[in-house]
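What follows is a group of structures, each given as structure tokens.
Below, chain A partners chain B and then partners chain C, in two separate complexes.
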Partner chain A sequence: MKFTVQVNEGPYQHQASDSAYLFAKAALEKGHEIYRIFFYHDGVNNGTRLTKPPQDDRNIVNRWSELAEQHNLDLVICVAAAQRRGIADADEAKRNGKDADNIAPGFRISGLGQLIEGGIQSDRLVVFGD
Partner chain B sequence: MLHTVNKSPFEKNSLDTCLAHAKEGSAILLIEDGVYGATKGTAVSNKVQEAMSKFTVYALEPDVKLRGVADKVMDGVKLVDYAGFVDLAVENDKVQAWL
Partner chain C sequence: MMGGEVKKFLYMNRKAPYGTVYALESLEVVLIGAAFEQDVTLVFLDDGVYQLIKGQDNSDSEMKNFSPTYRALEMYDVEKLYVGKEALEMRGLTEEDLLVDVEVKTADEIRDLMEEMDVVLSF
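Let's look at the complex of A and B:
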């Protein structure tokens, strides 16, 4: 079965991104397909490569990147939510006149249409947030 | 339909909203702080017990254990792990999160 997962909360602030990750991992382990993971609102903060959590804590951002690499996942960050919160890839940084980008490996920035399309193309849309 | 509730019923009214909207026969999965709704001897226990005549109530066991309330889960609540959560999402045609 095909799933799209929506994540509305940032890492370390709320359990939503942990729940979403563990759900996605369990779905993949059961042989299901994750069509897309869409990061919306504060959820876009899951996609900055500049985080440096303590060594004895889970690294939520790296964990997403690793899962994406292992399973060729499509991790999409909402562009409007990202611009408000300072999440940028090289193109976005250039377009908005910023001096750096910070997007983590495996993530890409796109629009809300990707959430709708994910909902249409998938059998289930599962939302995690606050 | 699968309904997920992730808020403590002692903090927010998501569980009430869910119970008011869910159709009979629905599955309700309590996750995150929502698992406090599955504990016995609280101000909402009777309400949840009553709801179990209309709905199947599940609680996410890892979240139950994280909060140290594994020995307080009321009878009739079914415990599932993340794989069980995935199965519930597959078995039900839609998943509605009451955030």
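Let's look at the complex of A and C:
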């Protein structure tokens, strides 16, 4: 089956992104396809490479990047939600006159249309959040 | 825009308009999604019914009052708006308190509606 996954909550504060990650990993292990993972609301904070969790805790951001690399996943951060919350790639930082970017490897920034298109192209859209 | 496939999209709105950003950002998805010419339905349940309350004045909060946008949905061909009967009653509200025309549905009817959908986004 082909899935698009939507992640609506940030890392550590809320279990939604852990659950989304574990779901995606399990689905891939079972041979399913993940068409896209779309990060919305505070979920965009899953894509900052500046997090530094304690050593004895999971590294949620790195875990996404590694999964994306292993399975060539499309991790998309909503641009409107990202601008509100200060998540930027080099292009976004330049366009908005910011002095730095912070996007983690394997993520890209794009529009809400990518979420709708994921819903159209996939057999199931699975939402993780409150 | 996409050509071809039309799916039934349901946006399930369950949270109050202010206090968290979910309602505002849900509306942003609906507006962007409208360009994809899909079959769109909105449902308002639980505290989500407060999103449609007439006469919202949140000017003291310094947040944006986005409630007029619900009246503009018609222009985006988003015309199927359903509100949970039980959610209204529990809050002492009626259709008359709402700023757009809606159809009131029972929890059972909303369950049946969800069954018919291809994509359900909940906010």
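The rule we apply is simple: the second predicted complex is superposed on the first by the 130 of 130 C-alpha atoms of A that agree within 3 Å, B and C clash if a C-alpha of one lies under 4 Å from a C-alpha of the other, contacts with A are read in each partner's own complex, and residues count from 1 in each chain.
To be clear about the criterion, contacts are C-beta pairs under 8 Å (C-beta built on N, C-alpha and C of every residue); 3 or more make two chains touch, one makes a residue touch a chain.
Keep in mind that this is a model prediction, so the values were computed, not measured.
Novice: Could you look at A:F38 and tell me whether it touches chain B, chain C, both or neither (first, second, both, neither)?
Specialist: neither
Novice: So, does A:A81 touch the first partner chain B, the second partner chain C, both, or neither?
Specialist: second
Novice: Go through the superposed model and pick first if A:G113 touches only chain B, second if only chain C, both, or neither.
Specialist: A:G113 contacts chain C only, not chain B.
Novice: Based on the superposed arrangement, let me know which partner A:W64 touches: chain B (first), chain C (second), both, or neither?
Specialist: Neither partner.
Novice: Counting only touches as set out at the top, which of chain B and chain C does A:F3 meet: first, second, both, neither?
Specialist: Once the two structures are laid over each other on A, A:F3 reaches chain B alone.
Novice: Using the touch definition from the top, say if A:L125 reaches chain B (first), chain C (second), both or neither.
Specialist: both
Novice: So which positions on chain A get touched by both chain B and chain C?
Specialist: On chain A, the overlap between the chain B and chain C contacts is residues 8, 125, 127, 129-130.
Novice: If we count contacts the way the header does, which residues on chain C are in touch with chain A in the complex?
Specialist: These residues of chain C touch chain A: 2, 5, 7, 9, 15, 21-22, 25, 28-29, 32-33, 35-36, 38, 118-123.
Novice: Can you tell me which positions in chain A touch chain C when the two form their complex?
Specialist: 6, 8, 40-41, 80-81, 84, 111-113, 115-117, 119-120, 125, 127, 129-130
Novice: Hey, which residues of chain A end up touching chain B in the complex?
Specialist: Against chain B, chain A makes touches at 1, 3, 8, 15-16, 19, 22-23, 25-27, 29-30, 32, 124-130.
Novice: List the residues on chain B that touch chain A in their complex, please.
Specialist: 4, 6, 31-33, 62-63, 81-83, 85-87, 89-90, 94-95, 97, 99
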